[in-house]
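Once you've had a glance at the structure underneath, I'll fire off some questions.
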Amino acid sequence: MHTHETVVMSVGGSLIVPDQIDTAFLTALKQLVNHQIVTCGRHFIIIAGGGKTARRYQDAAGAVSALDPEDLDWMGIHATRLNGHLLRTIFRDIAHPVMITNPDDIIDIPKKTPLIIAAGYRPGASTDLRAVQIAAHRGATKLINLSNIDYVYTADPRKDPSAEKIEDIEWAEFRKLIPRDWNPGLSSPFDPVAARKAEELGLEVAIINGMSPAEIEKYLDGENFVGTRVHS
Amino acid sequence: MHTHETVVMSVGGSLIVPDQIDTAFLTALKQLVNHQIVTCGRHFIIIAGGGKTARRYQDAAGAVSALDPEDLDWMGIHATRLNGHLLRTIFRDIAHPVMITNPDDIIDIPKKTPLIIAAGYRPGASTDLRAVQIAAHRGATKLINLSNIDYVYTADPRKDPSAEKIEDIEWAEFRKLIPRDWNPGLSSPFDPVAARKAEELGLEVAIINGMSPAEIEKYLDGENFVGTRVHS
Amino acid sequence: MHTHETVVMSVGGSLIVPDQIDTAFLTALKQLVNHQIVTCGRHFIIIAGGGKTARRYQDAAGAVSALDPEDLDWMGIHATRLNGHLLRTIFRDIAHPVMITNPDDIIDIPKKTPLIIAAGYRPGASTDLRAVQIAAHRGATKLINLSNIDYVYTADPRKDPSAEKIEDIEWAEFRKLIPRDWNPGLSSPFDPVAARKAEELGLEVAIINGMSPAEIEKYLDGENFVGTRVHS
Amino acid sequence: MHTHETVVMSVGGSLIVPDQIDTAFLTALKQLVNHQIVTCGRHFIIIAGGGKTARRYQDAAGAVSALDPEDLDWMGIHATRLNGHLLRTIFRDIAHPVMITNPDDIIDIPKKTPLIIAAGYRPGASTDLRAVQIAAHRGATKLINLSNIDYVYTADPRKDPSAEKIEDIEWAEFRKLIPRDWNPGLSSPFDPVAARKAEELGLEVAIINGMSPAEIEKYLDGENFVGTRVHS
């Protein structure tokens, strides 16, 4: 089945650089995406997070100078671009030659392009928000958020034994579980500003553990999968 | 003495990220440059190299995919931008707010700006060449190349016991000591293409060990210094 | 009184290029803005429209080829940039050296800059919307829309003798008077998409005839003026 | 014969906007280029000049303010972009979607793209120089310079009755006929700086009257043509 459906995929930095660069993860991601494009005819736009590279630079800067939140943001952004170019490199044969940073630039790339790599753009917003903006520009209806968690929970399961995993949730309920505002160091399964915008657009977001490529394929094939589906 | 002389300084990546980020080096660099700007009235344009960050990403990409030289270059460039933004951060109070990548953009920045941070621009050229292009745009006559060597030698001193250190050399002689062409992995005290352009411009390049800030100050003050001066 | 209040001013293309370039209008605008900056300490961000230059290129293109709305938009955008650079030129001594096209780039310009010139960015939105986005980024609370009309009317006064001029109106009422959507050829006293965003931001928009600089000064000084004030 | 040869074509602004926009010229250019691409398999990169649009804005600015040469240049550049987008519009079905201004950006466009439209980039250089830089990046060996003259002459034929037309000339001789330096208002059949660079590259430049499309086709087909061939 060749659908030419476009899927936006946000790849958390903790998957690309958990401590050192995880080449096993990258190899599995390459195989998954190549298969989806060549065999299933899907198109992808992949945006990279910053991971430990961002953290190392932020920590070093903090050891030398007082830090402005904007600088924290910028070092995170440049880390996403380094990670993004690493993705661009492993998909050299099929990816659009130029990595996107300003989401508006996606407008100029032909619709038939099977794979586009994106990265962070400017301070004041996360790559989750950029992923949602890209989905809006491209008319994509599905966004896969890959990180290192299997599910969103009703509370932090490390602290609260009554925390329950969530398999399916509406945006209004989901937004009650996360903070209201975003900042560069926020820990949340999805950026709150991006969540509001995704809700406005009627976008479906699937939060899946990136170490489980089989679950990603199940989600794309419309089967039951391990992960959390957020929708309108 | 307030000269308002503009000095272009190329900071080798091996100084910023020899293995992990070297915050002691960054602290010393900050102190040196602040002193030179505030007390001596000099202006600086500092361009960052890639260091171990570049190498780690290039190695990881090579473990997943066959690499094109352009990709090696791009990962090096994004590493210089991360390092450059780290410098921009530690000089937040005096640096131009936007880091420069395209050397031509220097033209739009007011001449009175005391400090501008730059990084890599595009594949096919080193940050040495960008430093020379920036010097040409700004009418700078001095370029300091900071790396982890004390001198340029007549041969590799680790291999050839007759190798002699060079304190002062003309471009024509210097160019006989280095390769003719540049490539992203080249080991040379100064990029050969940048050397030809520096010679055309009549630029003086001082190659100094970045771990010896006192030598940089001596060079700026016109005193004898440990390092190699290359000139027309 | 030095307020350092920032005022965004959208200058309709019909004022800059009604048929040929109107140098008398430009001279009056230069005098007004210089006075407001130097004597009153106000800051301005001025965005230029396209005027007859845009129309001539759009008509010529249509005579050679079938036109896509995006192309109409792009020729309008390039005309705003030519007009914008004309403004940048007549304000050379006080304007920020680089003309802004992407509204996000305003974030990088120091707040103390007295005058910034902007122009169109991308298809799909008018310079009215860019003016509102710029106001949001800069925290400006007043936007002056200069065109060739003295007032907004309740209906088209050339067609409907009962049409009444409006001196003061709330956004909710104003939006009932204008179309719901925007397109590159739309005739409306203010872009509907920009109007919704201005209402969300609580921005005040004053619609004034650009040929009456005295009315602009009255508005800035908080006096009664000939024109329409739209507010929350 | 499908050669996939890439030809860079510089289209003088005096052809696009001699006084008003010349739609007859544009229609003929469209027919010529489409034929060359579809039937002969050639690839083109076309860079637009500024013409009367540039002159009108430069004159208007000069009537309001004292002018800096950089401003003259910038208004010329924005005029080339308006003209360039007009060309992009009439070639919508085959041209690369984004118009190029920085010649370096040509590097990112796939080699198989049949038509790319370019325009002016920055002050300090003519579109002739940009055309030569583009040819260098693309490995093109032929550059066609279209203007409103049939030949380069040994002297100005309007002033010197002994002036003789030139059909074929080497760069070293050609450079003796033109000024040594470039400035935004210079009248010369080819920019002197571009000429030096073309000579270095071994580029062949054909200077042809744009109103004579048949001569352009003869040149491309290797036949005798009305015009001046400059070569190494």
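By letter and in written order, the chains are A, B, C and D; residue numbering begins at 1 in each of them.
Basically, a residue touches a chain if its C-beta (ideal position, glycine included) is under 8 Å from a C-beta of that chain, and two chains touch if they have at least 3 such contacts.
This is a predicted model, so every value here is computed, not measured.
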| item | value |
| --- | --- |
| Those chains which touch subunit D and also touch subunit C | A, B |
| Touching both subunit B and subunit C (chains) | A, D |
| Comparison of A-B and A-C (more C-beta pairs in contact) | A-B |
| Taking each chain's C-alpha mean as its centre, the one farthest from subunit B | C |
| Whole-Å gap separating subunit A and subunit D, where each centre is the average of the chain's CA atoms | 45 |
| Distance from subunit B to subunit A - Cα centre to Cα centre, in angstrom | 35 |
| List of subunit D residues in touch with subunit A within their complex | 97-98, 108, 110 |
| Subunit A to subunit B touching residues, read off their complex | 20-21, 23, 26-27, 30, 53, 56-57, 60-61, 63-65, 67-68, 71, 74-75, 78-79, 81-82, 85-86, 88-90, 92 |
| Residue numbers on subunit A that touch subunit C, as the complex places them | 102, 104, 107, 122-123 |
